[in-house]
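Please read the structure below before turning to the comments.
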């Protein structure tokens, strides 16, 4: 194993341990025994199949929103509007599923819903890219603001055209079972959306690093001037990159609506965007790393919830754990660079002394 | 199996033997909906000797898994606070026939083990309106709801109709009510701004049902020196000169009532168990700023309601 | 021997990947001009930055007038009377000249008027034509250089360090600078002067330090050495000048690129290019001389397609390419080595291999079943690394990790490969050392020998003369005449570059 | 109408604190993306301090302390350790949410009724507050708002008329120039992040103890990001921040007033989204952006 890779594993592991350790210290303030609490966290997630499966259920949408951020990040662009793109995706997924459920054969309907969701979320995202390309509008700002607009749109639709038939609450009717994403592990609610997410993550990695399009997107992101001088149309690529990013975030809407909730309601997953961003950080924006980081967050979420439920520790412990782990992971970037530097310098010194 | 528990001599389970859980959508220290429900749980554990557990801050995506989680572990009764749990409860129930699912504020029951309990909130708002109608000076009522939904609209319909009618009877011919939705349950600052605007437009009596948004509205009312009718919990303690009266949802009584039903085996499925003024779960709380005369009028109104003499349904606009 | 003004003793400095300075010792006396010579990466800038307090040495000592000094930040250095003009200007383009000069040197409320007056007078005293209220972004590099010098003078400097100050200057501006150095040292001040240009060194320096690989390999009196010795010390061997090959071939080649009355005039503004008309033949090197900022960049961009002329036509092998975009022109075989490789030529955060496919990402060349053919790309890059003697670990090395000269070689390799018909070289050797310059010149001549046409742009007259078959001078967007290399000499070009009108086509007698 | 303006001024105050602090930090090259977390920590600590000591002054001091602490963590990681600013901000924002909700529980447990303090009183300025329209709008506010009236011109003066301002602006445009002038770039940037912590903490306290007299974890709800956006819209300039705040604040006040009057032909959600849509429109239509050239780029000297 080369030293760099060893550093990566070691420092990341250490960061996670320290992050959890600090959270454990916080638990002391509550007058509870952190060892018991964490014991519970670790044993509970492997308690039964259903709970264990839930880790991956949780990880699924996170993979999508993390990819959404990471994809543009790799191109030196910022899409922090994944939350809004997720809302748009969820709205389209639920709408089209309601229309097709029971009328169109399940698998076909699911495929159409997926395509519509991705395209819809993509277009919503592409607007950000278009504004940047056409008006040089700062994408950080427009993507941030677009989330609030998307939320308003979703809320409006939920209480008007999408509102449930009995007309009581701003939520949709439940979807027909034919448009549920099938589960693939009996006794759990682990649906094939997880497999989709993993495949998409791999696909995004291939797209970014193995295809000319991905190559061009990265080139534009790192150096738009050089890209232009090479005949690459930066403006077009902004739109494409944000389209893909938006489609990815919308994918989370698809798996949450068709795979988990089977309906859409107000206040649906309000933190999925920022969690995705955090995961992208954890994984250093590497699509494959994102799969693992999402599973870690999924486990913290599932375990943290059960821990809260059984030991009387408030559920904010989850955010605390996630926050600490993220901060330590960022510190680990620094430590790694330091270690690498030291190593090089020592090598040099040895060479000079010889 | 652990779910069976030990039996007492009479052959009946003791209260402590039941495995009961309460699912809350927010933190128990939210100073409103979740805190109220949590207080009900505490009361049951104290007075009935149950050992109810709770889980807080459960997000929409986790409703189903949380229900399943308790179902798997053989709980006897799983309660959830809020109508938003209806779908998930009905969906999960079939897989765990031994567990009873009870959604507080629930309105849907499709299954022998799904037994929602529903406090008729429009009866509570009726009580609030009885107070408000007497308190107002200029007959300008302002209401703020969290999000528009049917239950919310119904309770605001009742409030507005009753309070305006009373004001008119008192000779304020131009009495009217203005309604707004905050589209939020927790934005305190927004609550204060909205209430401030409504008061600026002339309102002199506020009524808000929007959790923490209401706390902001109370601030505005206090600063502008108008009256506020508290709702859902005893809000008179926050600002006794502003919130001169409050309609307290006595969830302690409500929970005890529900749990007794359950332990007596009367919490049947396929049915919505409603409770209201008659069951004593809506209790007006007054400060010294409210005259005995008003209190009497309110009592009389409640009496009528509990006898079933008031046709609330006719007041619903939709 | 009296104590030196400043002395560096046994300075060693490690960066993560290189030893920039190894046990470096030398000194500078009062009133002395010390030249620091060395190849790229020899450690010249680093040792000066240590003296100026920007970097911290790993070991070693600094003395002033025989007393040891601790220089931990430029503030300490300034207190000792040291100023330094950085290799890459450290000016704030968005601020005015005055703001740049007083940065960090005034306290409290700024009295703008008074400061501007003060700076204006300072400039006048030294004969610098600089407007104190002008924005730096609007100034030519020559004037920016003067601002840098004013910054140093403002602080009443005793030792002025100049890191490659003439790299971007015209001959006249360089000459002015030399004059300034002479005057400045005549007052008893000292100057340390870093450059790659031996001619300047011989002209102005009293003493010369030569560095190689981070070590001092020569400490010579100017009067006791010559350019040949210096260049041998610097690169460790003698340089054989590049062979221009056959003089005749270019004249016989067919016309490849034709400019027909090309102008760029944006409404009401001064034309960027005006009525440019000339042609380049196959196998010809067409040199364009001129002070930078006189339309060279626009000219290059018109040819590569980044800029479209407002009028006129451009023909390649007789075909009108005026309306083609960059990508189409790349496909036609036009290569372009831009002057600003950081901005226009490379993606620093990508590997060398990835940089090799920058201009051909649309083609089939690197594709295998829709994916990038990594093996093939690496193979080609590996070959370029060999052919161009790029000092790099391999195709997967990040471009950012290479030194400037080696980055330039990578760009060169790519453009020579792409430019099958025509290659534009814009300032191909700026800032590079003798060895690298020599290599690049050989490559350019080699491509000419293959029959390619070459458009060479350089502010370095020696380069223009060494390579070009024909030479044009560009001044304010106008071609001041096209000459055979034998028809014209440095002096005349200098005049033309400075805008002295000479009749078009005028030859020897002007 | 007057009401609308009063709401604009009141709700604009914390946004202006936030956006001006952001102007300073960003001018020196650091985007304080942890602003949302700083606001929240300020709101929380302000409330806790005021509640436990019954002194609003102590509350404000605690808010400043918490804001500075949060900012210091952010500044240490981004300025000294040179880590990515957006990334670090996200982590700290999440941590801040966890931190205040957790500590709130640790300190107060589960209270039965809401915990409140009396918010900062309105201090009508004699004479001035009697002027029609202007009086009630501008001169019947709390102390933090009055302080703001001083901060706007003071920060403009500081940034554009003093040597310190010159250093700050240069650090964001070309930190090397600042370094060469013998000034420690990292220290300048770190201090400005701390200043952002002070002002962000005050902004947070404005919500909890200045305006509402209570604390909830959702209290900030994206308002830090709004301040962040206003800094962009205002072209990194205190005057622009003021203009941006007024535009944003007025739109928001207008939206609330529309909502509060019981709705009408247009859906509620349109009003809710209006300020955000406006921000996007302004971002698009703005011709020139004076982005500090090195905004968001850590200053790395050697490797």
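Each chain carries a letter (A, B, C and D) given by its place in the written order, and its residues are counted from 1.
The rule we apply is simple: a contact is a pair of C-beta atoms (placed from the backbone, for glycine too) under 8 Å apart; a residue touches a chain by one contact, two chains touch by 3 or more.
Source: prediction; values computed, not measured.
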Minimum number of chain-to-chain touching steps separating chain C from chain D | 1
Can you list every chain in contact with both chain B and chain C?
-> A, D
Two chains sharing the most contacts, counting C-beta pairs only | A-D
Chain at maximum distance from chain C, centres defined as averaged CA atoms = B
Between chain A and chain C, tell me the centre distance in angstrom, where each centre is the average of that chain's C-alpha atoms.
-> 46
Averaged over CA atoms, how far is the centre of chain B from the centre of chain D? Could you give it in whole Å?
-> 36
Euclidean distance of C-alpha centroids - chain A vs chain D, Å | 28
For chain C, residue numbers touching 2 or more other chains are 16-17
In chain B, what residues contact two or more other chains?
-> 27, 183
For chain A, write out the residues touching at least two other chains, lowest number first.
-> 155, 314, 316, 341
Which chain pairs here would you call touching?
-> A-B, A-C, A-D, B-D, C-D
Can you name the residues of chain C that touch chain D in the complex?
-> 15-17, 52-55, 73-78, 84, 86, 88, 90-95, 99-100, 102-110
Chain D residues touching chain B - in the complex, by the definition given at the top = 3-4, 6-7, 11, 101, 104-105, 108-116, 119, 122, 207, 211-214, 216-219, 221, 223, 253, 256-257, 259-263, 268-269, 272
Contacting residues of chain A [partner chain B, same complex] = 48, 50-51, 54, 57-58, 155, 159, 166-171, 174, 189, 256, 260-263, 265-271, 305-306, 308-310, 314-316
The chain D residues in contact with chain C across the complex are 161-163, 166-167, 169-170, 173-174, 176-184, 290, 293, 301-303
So, in the complex, the side of chain A touching chain C is made of residues 206, 210-212, 215-216, 218-219, 222-223, 225-232, 340-341, 344-345, 348-349, 352
